[in-house]
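Chain nomenclature is as follows: A, B, C and D, assigned in order of appearance, with residue numbering initiated at 1 for each chain independently.
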């Protein structure tokens, strides 16, 4: 039984999620390579120690360097803020260690390019953690598209709406810095979905706006929502909407795809079903079918033998961990690589340019 | 018991719907002014005769002039194609007869302006038949907005998606003429909804496209879908999508409105419910409430004493007929008047200009 | 254009609904026989006069005899309370006039039997007004069953839940008299549905109960809800639940039918969709399909050419009026006849006997 | 960091699920007592070895005795077939080891009683694995009931419908033995739900039936479905339906609870939402609210900081593992104990007696 030590940088929201995923993945997916929670760190020694104890790691690192350099750490998971991604990834690659990095992978196009260069130079597996596009439901939709089940695609809509910042009296560090705004932080998910489902984007026409210029008296320096028309290389016309002030929406990661022979609707708030319409069979019996995910769909069976029993948020991180382990085990790159993560940044940059120029902008 | 003779021009889809509405409305709404199906006509004498017999009119008119001029006809309903609206309306107004005209009220801005001028000169009631925005559900939503129940509005999305032209092997007269394209024929409904719910539009940024340039070998001369970013006078940012090739969607008249204190979602495919979120009460009990229409909502009770029993398509035309009768009875204008119909045309014109210039266009 | 004068007894909830239906049906269904609102009456002369004026009848009858005997009245609609049904029906049949009677058709089995006898003796059309089973959705489900689309049926569930009496501080005449209780008043609808969908009932095992023995200080003399296991002649096992205290349910007329090859779920609170599962095609694409009613389904097209535009409560009464007119026009009986109405009473009687004996009771 | 070795008996459907749960729970719930996958076994040495390797256990046991007696095993999870539960539990209790046993805990009332006796004698924690009633949604519903949010309960419905045996050409060991029939295997879940939500059952009136007496030529010796009217000690009337031939239903664990002040509907096929109706606020704004589970609900936060991100099947097993660890850590019993599991068996036995006698049967 081969094992690999996992080093996790950061133990907050995602650092914990990745830790739990690596704790479970060996059992769930019966991987040949079994991960071990080797080391974790936080922004301070104290927080690292707390995480190690709480999540059951072998040891706490004093800082990220300590974790990355630990010989027992065979692969690195970066779950710290965007502005730390580049440096940590470079250090890990220098040591020849595979890296899974949280989205959106660095602060901007330049950082993402530098991370790609470092990854390519190292020649080890790398991956960006766009987990929503790995659920059994999302994989099923990607397969439907790959199989041409919907015919020629005619339009696409994607949204990511949450309401954690709907209340304008609430503020936090999230109110500052482009990387923490809606375009920088939330929109990468639907942009990634757009790329994964529809392929490369040719041009965009976006409006980025701050709905609440002040929060609790303080001024806000980043955006609350973005609306964007998109033209894909394939010619398909699409639209994206992302918002952190969409009152009532908790996890409104939604897409609708229309094609000449069928259509798909998905809403992460009901993540275990895909609504599929096929323009076949008697007209009187057509409609959107609510397909519940089950053992027939990708990566579902390891979680449960029964259909309709469902997976949850933590499970999509486990699927991600499995894919990363497989990449390490086989030496094959696994989608989305850093290059795919860079593509997301390019769309974000085009959106900013479009907003500034009030017009279409090539990606 | 006062009665008024109704003259209907056209006996197709909408001509029949209006006939049935005027047959029922006196009983349903117990109007003091009771309508009588006085005269109807079609494109030919034969079709007019057929309609009169089938729908139970007192007589058939040989042509529209015959109906408009009939002294027993006290009010005129125009349910013939767009290119006939102007002339008929002018004739009716000259005789001082109130007019309800089908949407989108003439062929273009110029015609709509001429119709407004004629209406104003006549000083009699006039109305454009945007029936979807009259359902109990829609009226309830308008009331919520008027009452400020959602707080300050932060974003708006509207769509009208159907699939009657999704199959590219199918063609008809609908494949020709701007007025019969998606922007000309379908988009007026969501544009009207946008105006009714959000107020005047300041500028738009639209793409109009023909997905299937040929249908069954023949070339198509109008558009299949339109996507449009909108900025309202109020500052609210919105998006509109209309499509006649949205496979699987039958009556996808949808809107989503987000505000600082609540949100609303509506889909005409479940026309008797409004999904309402209010950011109040314990967090653990919040969510979108599926409010079924009932006697508490505008114009529902006359159809049924029981809540949740529901109204249908024909009923929204009956509500419209009631409002037109009320306008006649009271001499008060009733929304949407021809001026409101003209506003829809102005947005359509701005969309065409925006598409041509690939940029924002003031309305 | 042949016409028939309709006489309506009662102008309350259902009297008005039938009046509106007969006002509209000639136009909607383009019937060859056109109904005319000839006469209506209420419990007093004054109320009859009020109804006649409000609904647009030719005249008010002083009482029901006056309406039934009016030579201009060619067919009688009984929409007065149960305890008046027998006498009125007998009088109409004596004069050879067709009768549509509101459910549940008299007070008990004995009255229903007497009504059947009178109807048979007269040899004219007769019908009981179970309107929920006439919607396009319900007719579509009946057709699926008739076609064997679901295979052999394995289980059946029906419910009718409303909450108009959930609040125990509220009382009315509905709190008194077996005929006005839940079993007497509400349960006939789901029992009729059970018979229509599953065929004759062999035996039942029921509990009938009064949840609130007093209302606002006064004692209640009838029941609030009934639960009933049913064995059909076909061998299928079913269950029925009816309640007038089901908080939150407004029109919970629900059925679920499972068969070896498929299943159907229906809820009147979303009356324009039928959820259909067919055990065919790739397992990964199966699920319940939300079929929206449209022109492909029975009796939909006359209301609207577009699919998914939907019908409402009033429309199901219009369909009923059409079927009654057709019965008159063709001289053919139309389901559900008085004999079908009697079958409902027999199940109700068996339920009461079962509740009294705490055991299975043959119907 | 205290650790405890977990010994798992069986590595099939549930054996694997528990293994994954114990692998993850220490990280997810940050338990002070960290479990270790100490030993696992199957029906043969070979299968035990396979499981140990696949799931990452320290070692494989040759048989269940080997695992139970292993000094490194501090607690035992029984995930082998019903007929093995008693013996294994007794052995574990003799050694003073806490036991979590899969439902329905032995073959019948007698075995369940013997298991309770052994548990009580040992004085160590014991628990039956009714995991569906531990989801954040189910816990939230239990809390609503405990808080009286729905008022006085007036009716209750529960169902558990799946379709794994809908196809009558399919057979397996599940077609034989009362414990593997629908009542024996599936119904324990909804019975447990009934007890958890509504309290003790006073009497039942049940029909148990075999829809397909043969499967692929072979005769079937157990039942396919059960329908049951229930009277709770509280006086509430309820109904239960369980079926393994409910075509289209994958995980139809459903309950509906009506009370004088509110109502709840839940369907495990959309396991992250609870539909809650409260009879308060303006009538025009009432309806069922789809409450998405989130950090405000019990045991959700450890899985994810964001509301609406959702948990899945595997997560409910993790919650169960956490509660078992807590019981061990604190020495406090945790619901549902073996005594609660025995209560389920008593209802099952009463159902069998009722079916045999065709009448009500006290529990």
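Keep in mind that, in the parts below, a residue touches a chain if its C-beta (ideal position, glycine included) is under 8 Å from a C-beta of that chain, and two chains touch if they have at least 3 such contacts.
Predicted model only: the values in this text are computed from it and were never measured.
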If each step moves to a chain the current one touches, what is the fewest number of steps from subunit A to subunit D? 1
Greatest Cα-centroid separation from subunit D: which chain? B
Averaged over CA atoms, how far is the centre of subunit B from the centre of subunit C? Could you give it in whole Å? 34
Dist(centroid_CA(subunit A), centroid_CA(subunit B)) in Å evaluates to 42
State, to the nearest whole Å, the distance from the C-alpha centre of subunit B to the C-alpha centre of subunit D. 53
Multi-chain contacts in subunit C: which residues touch at least two other chains? 249, 273, 286-288, 292, 294
Which residues, counting only subunit B, touch subunit D once they are in their complex? 140, 273, 276, 278, 282-292, 294, 296-297
Spell out the part of subunit A that touches subunit D in their complex, as residue ranges. 1, 13, 16-17, 19-20, 23-24, 26-28, 30, 34, 37, 53-56, 162, 164, 249-251, 268-273, 292, 294, 303-315
Okay, in this complex, where on subunit A does subunit B touch? 150-151, 154-155, 157, 161, 163, 166-168, 205, 207, 209, 211, 224-225, 227, 229, 237, 239, 241, 243, 245-249, 258-263, 277, 279, 286-288, 358-360
